[in-house]
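Shared between the two complexes below is chain A, which pairs with chain B and chain C, respectively.
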Partner chain A sequence: MADTLENINPKLYKKIDDRQVTADDENEDIVDEFDSREIFDLIRNINDPEHPLTLEELNIVEQSLIEVDNEKNKINVQFTPTIPHCSMVTLIGLSICTQLLRALPARFKINVQIKPGTHSSESAVNKQLADKERIAAALENGYLVEVINQCVFIK
Partner chain B sequence: MLIITMGTLELKQILTGHKGRVWNVCWHPKGTSIASCGEDKTIRIWAPEGSKWAMKTILTEGHTRTVREVAWSPCGSHIASASFDATTAIWDKSSSEFECNATLEGHENEVKSVSWSKSGQLLATCSRDKSVWVWEVTDGEYECAAVINAHTQDVKKVRWHPQEDILASASYDDTVKIFKEDLADSDWSCIATLSSHTSTVWSLSFNSTGDRLATCSDDQTVKIWQEYKPGNNAGVPTPNNESVWKCVCTLSGYHTRTIYDIDWCKITGLIATACGDDIIRIFREEDDSDPNQPSFNMVCAADDAHTQDVNSVQWNPAVPGQLASASDDGQVKIWFYSE
Partner chain C sequence: MMACPMSSVFAEKLSVAFKDDNALIAECLDIALEIQKGHTKLVGLVEELGPFLTDKDVTLRLKGLIALSTVLSHLPKDFLNEIELNFITTFYCDRLKDHHSLIPAVLCGILAIVQMDNLPQDSPSRLFGVMFQHVHCQSHIRQDRKKIYLIFESLLRNRSGDLKAMGPDFVYDVISAMDGEKDPRNLMFLFNMLPYFIKEFPLGHLTEEMFEVIACYFPVDFETTAGKELDITRDAITKALVSCLCAIPQFAEFCIPLITEKLDSDLKLAKLDSLYLLSKGASTFGVDGLKNHLQELWPVLRKEVMSNGDPQIKNTGLEALRELVKALHSNSTVRQSFVEKIITDTRGSLCDVQLSLYWPAEKVLESVATADKDSCIQVLRAIVPLCLGQYSSKTATSDKVALIETLNSFIAISESYNFTIGSLPELTWTDIPYLYLNELTTQDTELKKKILFGLTVQKRSLNELHRTSLYDRISSEIERMNNEIRGVCHTSLLSFGQLYPNEILSVINNKLSVDIDSVESAVITCRLEALTAVARVPELGPEVLAKIVAVATSNNSEKSLAALSCLRKLVSTRNNDFDIHSFLYKEYNAIDRLVTSETGDFNQRLNLISNICRFIVRQLDVEDQQAVVNRYTDILINKISENNVVLLEGLLTPLRRNVYIQNSDTLLENLCNLAICSTSVDARRVSCKLISVLINKMEDGEHLERILNCMRERITDVLESEDSDINTKRATVSLHTWLTKAVITKGSWSSQDYLNYQLNMLRNDRVGYDAALAFTSLADKSEDTLTEENFCNIKIFYKQRIFQNVIQLNSTFDSESRQNYLIAITHLLQEVPHELLFMHLTQLVPLLVESLALDNGELILSTLTTLKFLLKTKNNVFLDQAQAFIPKFLKLSTYKEMKVRITALECLLSYCNYPTISILPFKQDVLDKLATPIDDRKRLVRKVAAQTRTRWFLVGSPGEPK
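Here is the complex of A and B:
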């Protein structure tokens, strides 16, 4: 990790309220499909690699940038780096990927990508995040897994 | 009117045992057994027992990380395994049991693929370190004959030509390259770069005669490349007096996610693909297809062939129609294709 912060004074965003549990949610006879709020709740509290703040507080993840298709088993997450040259962007994407891979059933195809137009090396980073062989190799790297676990660990 | 005869892919057996993702399957050259490998760091060998397939051997402790690919030698007495631990192991069955008798080191990081030449005297490996290595095999000794740094990114697959000592490699840099040894100075060099795919080329397979190549990519297409030798009848210019490879057909619109593997059957000419949408698809060339502008039809799509991404497909080299596949769902499956 760099000694100096790249983005010294990031803009802060308000956290959204906790999900309101409805009667249907508690009814065992109703099948609860995955929705974007549920996916958001899985990733909103991931820690930023350099600031003591969550991805939600930095507006890196937003519920409106999450798409869930239960029928086709597809989940698409777009995230927004705090600055267009952020060098932590691959690590942030990898943390989101890892959290979703660990938390969701294996039937889901998970795509984590940078929100279009928000990073200078968007296509290169997206290509790396879409390459499951490189993700698998990264997750066998003990040091990297430790760093990711620190991001994913909810304080 | 064009009539396409659709075939069926019948599931014969599910082979379970691997823990986690299975990356690759490879048939013994006689088609009598299968080797598979995956993230559990093991290689498993399966063979028929009565009317069913059963696991015969587990090879462990050869690798400390994921085993990405396995390859039987043409004589069938050796298995080479490529691993994320940056090594390639050679397993030898000169006694009754397989033993790891050599470990090939040199790549800087993950080894992605390994392939034996037709004679069994050359072995190729490739890695995320962007290089392709050619190893010479003499009396059970493996010596590095060349380190080729032609790709600009992670190299995903290496495959030898079915007859000649010509090597093809596929890369994250979106290209396929062809290599040959210059007999004057015994240097291996790139004689052709095949550019057309718009994303990672994951795999490739030669046809039976080696004058065509099928490639598959993250761009969700399959491409067929034709070799034009110097002095070809089609009038394709061949500068440097080397063969030119031209993309003569693109199969698009069939696959909905990354295509991880492709295999061109040397007996039937059928092409099978392994896709990230869990489907195995089979393609066949039209009977009256123009060789310079061939047409291929999809003759079968096995929906939900696996419950997760299909990583590998391979036709049995001796039994026409028999196919093996491997998936992220931890299973190896044996199929039979019939028309």
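Here is the complex of A and C:
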């Protein structure tokens, strides 16, 4: 495996601390809205397909690149590939999509895209990730599902 | 010699005994005894056995041989002389050529004679010569192979000189004999014996053969389950095998290729074993054995220590690397060029602290640096400039933290070799203490912590100027409101205090004043905590403690509370350097000062003082305790009040059993009044506890019985009376619980009676619920009253007794009292030892199912909490009950209380660790139903729901974690 890695020694980023539990969080009467940190917590521990590292450690996902609109039921996530010609980019996008589809209520429309200007085949990949049917088809592929499941399994 | 008359019957007896193996052995034992006593001679026996030993029938010959061998093995080792043994050797050598079915019996005989003291010098070679020629070891059964090895081992131990004289042929024969051995027990035996053989016998041209015949077992492929019955573990075999593989330096040329080959394997165990072998072998192989292989060894090793994600492999690899460098120590050219190679290969990763391989590379250099001083210096020359360079150019604090952490590690290593980085000629330009002290002004907590830690590590290398500057910084940091920094400051103060007590003492006096009139409370609290941190240093203790107690006994309540908390922290732990307890009691009269300073109006303060007294009194001996009792109890008993009962509890709870309390009856009566009638919850609780301790320490007998009956009567009166208010009734439930606990922990005769009464209270329609909750304190895990430290009488199985009693009465509680009973059980479950729960799981699980069905939020929550824990055991009972539990958990995942929802979801998550085949039928239902909780109104619920749902998606899917 080490011989075929595209980026053997990527830069590492610090993990953020666990979210502090507030008094409001424990108050039964207060309704908590979904926010970008909550979405970030769902995807930051997804494993990178190549390295024994998480998407957060590689700075592929960032809280600041997540938008949540509770009223319109919309969630936008942008991610940054480690290098502009990274061949794993579709797989990473699919893993983020899959994790969010499984963990979030169906009322949300989830949109996962590459951060503009960070990948050579950005538009092609974005088109794939925006196409629900293509995602569904990808998740029919046993081999692909296996790899994605390994990525989204959080230890 | 003529045979004695007695022996004439041997043949007859033996021929009868031949029909039965046990009888034969018994008979042989008798004969061995006869021979020892001199009643008969061995020669006589042989003559008698002659007809059998030469019979045409193989089975008869066998019986004869068994008889002879058995007799021989029961003779003392020094009994036979050289001539006799020579004769027997010849005899057995001939027998080795006989029919193959005789061989086991022959081996028995040989094993017996090789252990004898007077074995002729040429016997070993004669025996082995014939044995290796006629016996093919591996075609015999395990026990017989073992005998051959035993013969070998015995001679190796006692006659190695004679064996060496046999030359290389003997070595060859040994190798051939064990070649192909498969039984783990025999292998274990061989591996333990071989290192000696390999080291002692010149192997010559057979070195490689010897190595190959053991190397084929590496890495050990052995199922531990099979080994359980044999009492052999894979680890044990591996250890034994490894010490054979690296027994002599000559093995290096075969062993290192083996290591490189196996390191390349995909199997984790193969990698681990190879690294272990390298660690163990390096020092034996030495520079000569290693130097030609370093080229091939480093790349494979580098792969494991740099890129392997498995921490166990990485750490074993680092250990191997350290041993490897250590082994090169004697040849500085080889060592230096190897270390240089390592530095060159890791430099790329170290030049940017953000790279993912930075830390692996750093750890590699740490390993090298810990190998020996020269390597350490070589590494420091490379890494220190890299760190310092980046430190000045990097801007992100997280990077600076990592760099300081690296420097700290290397500072610690150089400290362990007793030199400083600045003392190296190439690094004199660095001024690390200056850099650290300078950077201490940073605002970042994490960075500041690391820098403080680093300064503490180099405490021996800081000059007085540095230290003064550091003390100034620490004294001001101590008063800031940052807990983490304060903690590091305290550790640092303690460290320097141990090394330079006078300096720290002057810091305390000049910079950390705790004068109550001039220093405000927030600051004084911080300073008191700092004083607490150094109070354990013997040179500082007396002065520091005096300061703390002075504040504690002052009349400023806020400041004294802070000081009391510090005191409690100090007395709650034992420490070996300085006996704080004895100092406080004897030298400083602290109990007096504390008790008399008590103003009686302040609850929190009172509790603290009581607590401190308890810790101090606990450490005193009988005489001192008696003195404390005599001094205070009289005053306190006669005017017992809601206030001073707290103090009394602190003083009396930790008494040794033979300390005498005057007027204890009056005391108990007063306490009983307080326990039932006091309006203060605290006073009631404390009184109950004190009664419990006193009763527990009393001797069983009429006196105790009378006191108990008296209290029981009062309790019953209150419970049955219509007039008593609910609070009084609750107080009596609590009192009875503590009485039950007192008698049951000491295993008193009245335990059963009290337990029955306790259980019956569950049926009480007014306080049944309170009685149920009281079961928590009955088996309280965090008990600090009835404990052995307080010299109470505690029987180990008392919780078991309570638990079994409660379980047995399952069927007697129905309708109204049923819920109380279930509450009592679930509360009890959280307190009893886990082993006990596992023993009764099958009885408990139906009760838990029942509890979940009742609509009582608290009961459901405590049941779920217990289940969450029990589910981790993966016991089969939960598979059987999955049909009951999983739908129930799903239903509770939308319950009205969020804690219930969360715990139910956690239980569902736990079920994912059960075998896929059993939980797969529930998957679709779980996924569908969890669509609701992932949209819960509370974020904390959603968090667990999302975790649980995404995990259930993996059940039975490709890539499911195992």
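Note that in this section the second predicted complex is superposed on the first by the 152 of 155 C-alpha atoms of A that agree within 3 Å, B and C clash if a C-alpha of one lies under 4 Å from a C-alpha of the other, contacts with A are read in each partner's own complex, and residues count from 1 in each chain.
The working rule: contacts are C-beta pairs under 8 Å (C-beta built on N, C-alpha and C of every residue); 3 or more make two chains touch, one makes a residue touch a chain.
Bear in mind the structure is a predicted one, so any value in this text is a computation, not a measurement.
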Clash or fit: what happens to chain B and chain C when chain A is overlaid? fit
Touching A:31, do we find chain B (first), chain C (second), both, or neither? second
Determine, under the contact definition given at the top, whether A:103 touches first (chain B), second (chain C), both, or neither. second
Look at A:10 in the shared chain and tell me whether it touches chain B only, chain C only, both, or neither; answer first, second, both or neither. second
Does chain B (first) or chain C (second) touch A:23, or do both, or does neither? neither
Using the touch definition from the top, say if A:134 reaches chain B (first), chain C (second), both or neither. first
A:152 in the overlay: touching chain B, chain C, both, or neither? Say first, second, both or neither. second
Given the overlay on chain A, how many degrees, to the nearest 10, lie between chain B and chain C at the CA centre of chain A? 140
Broader residue contact with chain A after superposition on the shared chain, chain B or chain C: C
Minimum C-alpha distance between chain B and chain C after superposition, to be given in whole Å. 10
Mind sorting out which residues of chain A both chain B and chain C touch, each in its own complex? 106-107
Mind pulling up the chain A residues that touch chain C in the complex? 2, 8-14, 21, 25-26, 28, 31-32, 38, 41-42, 51-53, 57, 99, 102-107, 142-143, 145-150, 152-154
Touching chain B in the complex: which residues of chain A? 106-107, 109, 127, 130-134, 136-137, 140
In the complex, the residues of chain B that touch chain A are 21, 39, 65-66, 68, 84, 109-110, 112, 128, 154, 156, 172, 199-200, 218, 257-258, 276-277, 307-309, 328-329
The answer for chain C against chain A in the complex is residues 303, 307, 309, 348-349, 352, 354-358, 398, 897-898, 931, 934-935, 937-940, 942-943, 946-947, 949-951, 953-954, 957-961
